[in-house]
Amino acid sequence: MYELGVVYRNVRRADGDVAAKLGALGTATVHEAMGRTGLFKPYMRPIYPGAQASGTAVTVLLHPGDNWMLHVVAEQIRPGDIVVAAVTAECADGYFGDLLATSFKARGARGLVIDAGVRDVRVLAEMQFPVWSKAISAKGTVKATLGSVNVPVVCAGALVTPGDVIVADEDGVVAVPAAWAQKTLASALAREASEGEKRAKLAAGVLGLDMYGMREPLQKAGLKYVD
Amino acid sequence: MYELGVVYRNVRRADGDVAAKLGALGTATVHEAMGRTGLFKPYMRPIYPGAQASGTAVTVLLHPGDNWMLHVVAEQIRPGDIVVAAVTAECADGYFGDLLATSFKARGARGLVIDAGVRDVRVLAEMQFPVWSKAISAKGTVKATLGSVNVPVVCAGALVTPGDVIVADEDGVVAVPAAWAQKTLASALAREASEGEKRAKLAAGVLGLDMYGMREPLQKAGLKYVD
Amino acid sequence: MYELGVVYRNVRRADGDVAAKLGALGTATVHEAMGRTGLFKPYMRPIYPGAQASGTAVTVLLHPGDNWMLHVVAEQIRPGDIVVAAVTAECADGYFGDLLATSFKARGARGLVIDAGVRDVRVLAEMQFPVWSKAISAKGTVKATLGSVNVPVVCAGALVTPGDVIVADEDGVVAVPAAWAQKTLASALAREASEGEKRAKLAAGVLGLDMYGMREPLQKAGLKYVD
Amino acid sequence: MYELGVVYRNVRRADGDVAAKLGALGTATVHEAMGRTGLFKPYMRPIYPGAQASGTAVTVLLHPGDNWMLHVVAEQIRPGDIVVAAVTAECADGYFGDLLATSFKARGARGLVIDAGVRDVRVLAEMQFPVWSKAISAKGTVKATLGSVNVPVVCAGALVTPGDVIVADEDGVVAVPAAWAQKTLASALAREASEGEKRAKLAAGVLGLDMYGMREPLQKAGLKYVD
Amino acid sequence: MYELGVVYRNVRRADGDVAAKLGALGTATVHEAMGRTGLFKPYMRPIYPGAQASGTAVTVLLHPGDNWMLHVVAEQIRPGDIVVAAVTAECADGYFGDLLATSFKARGARGLVIDAGVRDVRVLAEMQFPVWSKAISAKGTVKATLGSVNVPVVCAGALVTPGDVIVADEDGVVAVPAAWAQKTLASALAREASEGEKRAKLAAGVLGLDMYGMREPLQKAGLKYVD
Amino acid sequence: MYELGVVYRNVRRADGDVAAKLGALGTATVHEAMGRTGLFKPYMRPIYPGAQASGTAVTVLLHPGDNWMLHVVAEQIRPGDIVVAAVTAECADGYFGDLLATSFKARGARGLVIDAGVRDVRVLAEMQFPVWSKAISAKGTVKATLGSVNVPVVCAGALVTPGDVIVADEDGVVAVPAAWAQKTLASALAREASEGEKRAKLAAGVLGLDMYGMREPLQKAGLKYVD
């Protein structure tokens, strides 16, 4: 259940430096470091190739076909934020276009994650303002009903609390609670550190079967080879 | 982000009497009384006609294709509870069948709401154990990975906190936060009270246009009649 | 493109008797008699088993999440009509429930076909007010934006002109232009007439291969039998 | 890749008695007894409540929008068979109605499983001719292009070889290779045998946690209880 | 309902110059200028990035899996036309490839909008022949059944009359009736004119809240700020 | 039904040279040459523009959310192979990323076709390791349950036998049985040979109606022209 008609001005944001470092590691590594949680549903896709962003979440709750609150959330953006927009029912309309992107960018937003549609995608790509959405649609919206800003929202199946770290790239979008950001970063860095060596071995033809010591557990599980 | 591997035993449940009264009002009325929030996505459907239930939420977080935690949550059920099951990724497997239903029923559960599949649906209907699910599937599951019990979960797009009132019927499923249950009930009862009179008028041929005083606002909005 | 904010009061309706006779023949026969055209997409399903209706179309164009115009169309219903409701964008909200059904019924409507969601489905079934919809949802709607009444609409992929005959049953929904209704009826009756004899033959074990003389064309097409 | 334009007359069918016994056990039990394989995708649903069937597969490969080969397969049906119909591309048209059902029934068919649509569903329910399909649609089909009969087909993601045992009920559809039918039956019966006792215990309030000895493995996996 | 087996040769096309100007404004602006109507469903996507086209509609009605009429419509293309192809039932087959594109281009077509699939997409991109489709598929089609050319069609939920202006870009596809084209252009130009100034203000940090005077209506609607 | 827990080491692969030649012809031509069979469902899409591959199939059967067997199949890859991965139930998780791609590439794999999700897609594009998948997802997988390697599998609706030729490009994916590869190549080359001349004629403005001699059959079918 959502609280409607409220704008929370003070958000305890995760550390911006931690957010940047998590962003550099990418969604797959961060999501693994969180025990495979925090991921948005895979229907959320970047609107142009190469899109990549990380930052702290300001959230907005919208009604279907109504983008009024996107103007309200714009004022709450601080440099380094990513706007996370949820909708109270399924909607694929184009809530966001080049004018709002210009405004969000001027306020310092790093990107938008919206569980709905966007439009003017060619201009957004030219502006290099990254957006993850579930649809692209020229369908416009009205400005009639109040939602809320900076309340916890469910966006594409993920619970997002204002101030969470958001990491988004071509593999998807993940939310890291502010309180867990530092710990997640440490775990993700450890994970990343071991990857270079693994990659070199695999490139040289070593099999994962040997590198990860899988032959014995596979045999125990009963795997049989037939010539 | 979810906390994994934890079972919270003490849940502050909403008042059972309030839950029953909200259940009698039905999902459409309750959802309206909450400002049109709290609703699960409409893909959640009852597995047999006439299914209806209300109660207090115990929650469980499952992994795709793994129903181990359904056995763990069974122990936490108290009479009057409804189990709300979320999954960390999309999955339509049959997590729940007649044996688990027998166990849940013996513990006093009023029903199950699960963002996945169930099976043995003919037996479940004979038992009159109501279930709302996104799929029906004979596909079985393993018991291998820990989830959690009684943590806040996102189920079919709705945020559910343990102890929430759950109301479910043929129109869908709605969650009412425990702290708002009493207030929501009052509002829903007020709404319901006026419906009988309205129904009588409409049945007598009075138009909603007149009963709700819509003619003037429609005219102001510019509606034109052409003969 | 739709004309917005207009209610056409005078609809040249197809003959009611023809509509009733087409209804008795069913959607499959009528759709065949029209050269396999006129059918709504198969996601349109009756909300209860055994639903069946036929009548003349009054149409209404709605906006997503807004059911205001359903009150406007109610006034335009005449006995024997079926309301056909289209929406300007995808929407699964519950636009219609027991109060509107009471009003529509009092006006003489035979049913509703709506390219969106409905609610109070248990009561609608008890009232035996047949509805074909694409979803069932407790999600309520607002009353804010003008659509139109009795303009041509696209509903579930089918073009419907006010006054068309609508035939709906458990196989789906079909629209027959008023100008073609009589001719379609004649063709459908001819088709129906031959079915009883065919059914008796097939029940006696005669194969369609022989009854329809398919063996030769199949052989010409190159069909080979292998023992 | 499919062989087109061929009808194989001689199918080595699984034992009819084994098929009947597997049918009595139901899809969930049979699918488990096969190591959780053989299941059709869950979008395959019975067209009426309570539908249940088992038998030996005769297969037919159809083209989109073309039901010609359903007349060809009718001749190959023997008492106790279930027709399994695959299509070379996605199609939801109504390939099958009451006339074909009359013919199939006269030939001794126990039911139809079709990866497409069917029509006349009210009559099919009255005839108690069970069908599992992915859609219901009044849309008719042509008779123009050759497919094949009794070749291996992929139906709803499952590979079906002519002569396989097909078990279908409200939980879905499963195919058991003829060569594995006897072994699968033994395994399924063993599984079934233990269920009655389990059900009684669970009904008496015993927890699965204790009955299945799950407490220790859960603790080992790290499950924590918080009061 | 569709008229089948007819080719209308004389289409009253919208003014080509108006079509070009509407094309330059883009689908989002044009769709807004038409009161948010005329839009095709958002599943219609360009087959390569940067695709953009505008022109006058010649329409064609196809049957599922049958592209015969695409050869018939080719003859009716005049320079500046866009072909709009509808199908009588859902179909994702590849109706159109590089040979037909060569022919359409030679006739002066500006592009294709098809409620089905296309293939040879790499060559189409190299040719810079823009296509909007609902699928990409190598699946071929037959040439067996008559549809019609230049009848009104429903394509992706939009009603298209031959001669309409079609505007298509990365945001989607919109149809403007010939009779409304001039008026729509005027309205779209007015809308566009004000955008440059707005963009400059927003880029300078002015908020939409202030620029659009939203603070007062938001307050009236009850919006509350919490510090 | 699938055999589980088995790795077949000896696969009778189609001729590599034939595979290369079929690859050069592309999926649309090859699929036509096979009588329009062998095609994977069109939801299988390349993860980057321009992806193109052909080779001989090694197959792997996976469980939902479990990529263990991808390490097992790596060892069975020989230069010129394409890995075809099926899953026993619907799953969109990210089974495959840059480490496995490095390993597959080192073993000589030409690409991957997987009826599930993949991740690290930016790196995969940089590596130019082509993948066709049904989803992109950062969601990781476990390594817990045995599947099989080099058994016949159903992938995206297509039956694939180890050793089949796989052709994949921007139009989709097609499988050619090893025994039919040579014959299919001959037929595809014949088809291709005639295309250049046709393209030249069409580019010169000749209509398909005339080039293919369609005017007479269209007239016979009853096509009418109206001025």
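A, B, C, D, E and F are the chain letters, set down in written order, and residue numbers restart from 1 in every chain.
Assume contacts are C-beta pairs under 8 Å (C-beta built on N, C-alpha and C of every residue); 3 or more make two chains touch, one makes a residue touch a chain.
Keep in mind it's a predicted model, so treat the numbers as computed, not measured.
Both chain A and chain F are touched by B, E.
When the contact pairs of A-E are matched by residue number against D-F, A-F or A-B, more than half turn up again in A-F. A separation of 31 Å divides the Cα centre of chain C from that of chain D. Chain C has its Cα centroid 43 Å from the Cα centroid of chain A. Chain centres here are Cα averages; for chain A and chain D they lie 41 Å apart. In chain B, the residues that touch at least two other chains are 36, 39, 89-90, 92, 139, 145. Taken together, the touching pairs give a contact graph of some other shape, not a line, ring, star or complete one. Those chain pairs judged to touch are A-B, A-C, A-E, A-F, B-C, B-D, B-F, C-D, C-E, D-E, D-F, E-F. Residue ranges on chain B touching chain F, taken from their complex, read 63-65, 89-93, 139, 142, 144-145.
Interface residues of chain B, counted against chain D in their complex, comprise 5-10, 68, 71-72, 74-75, 92, 94, 97-100, 102-103, 105-107, 117, 119-122, 135-140, 143, 145-146.
On chain C, the positions that touch chain D within their shared complex are 26-28, 31-32, 36, 39, 42, 45, 49-50, 169-172, 174, 195, 198-199, 202-205, 207-209, 212, 214, 218, 221-227. Residues 1-2, 4, 34-39, 41, 88-90, 152, 154, 157-159, 175-177, 180 of chain A are the ones that touch chain B when the two sit in their complex.
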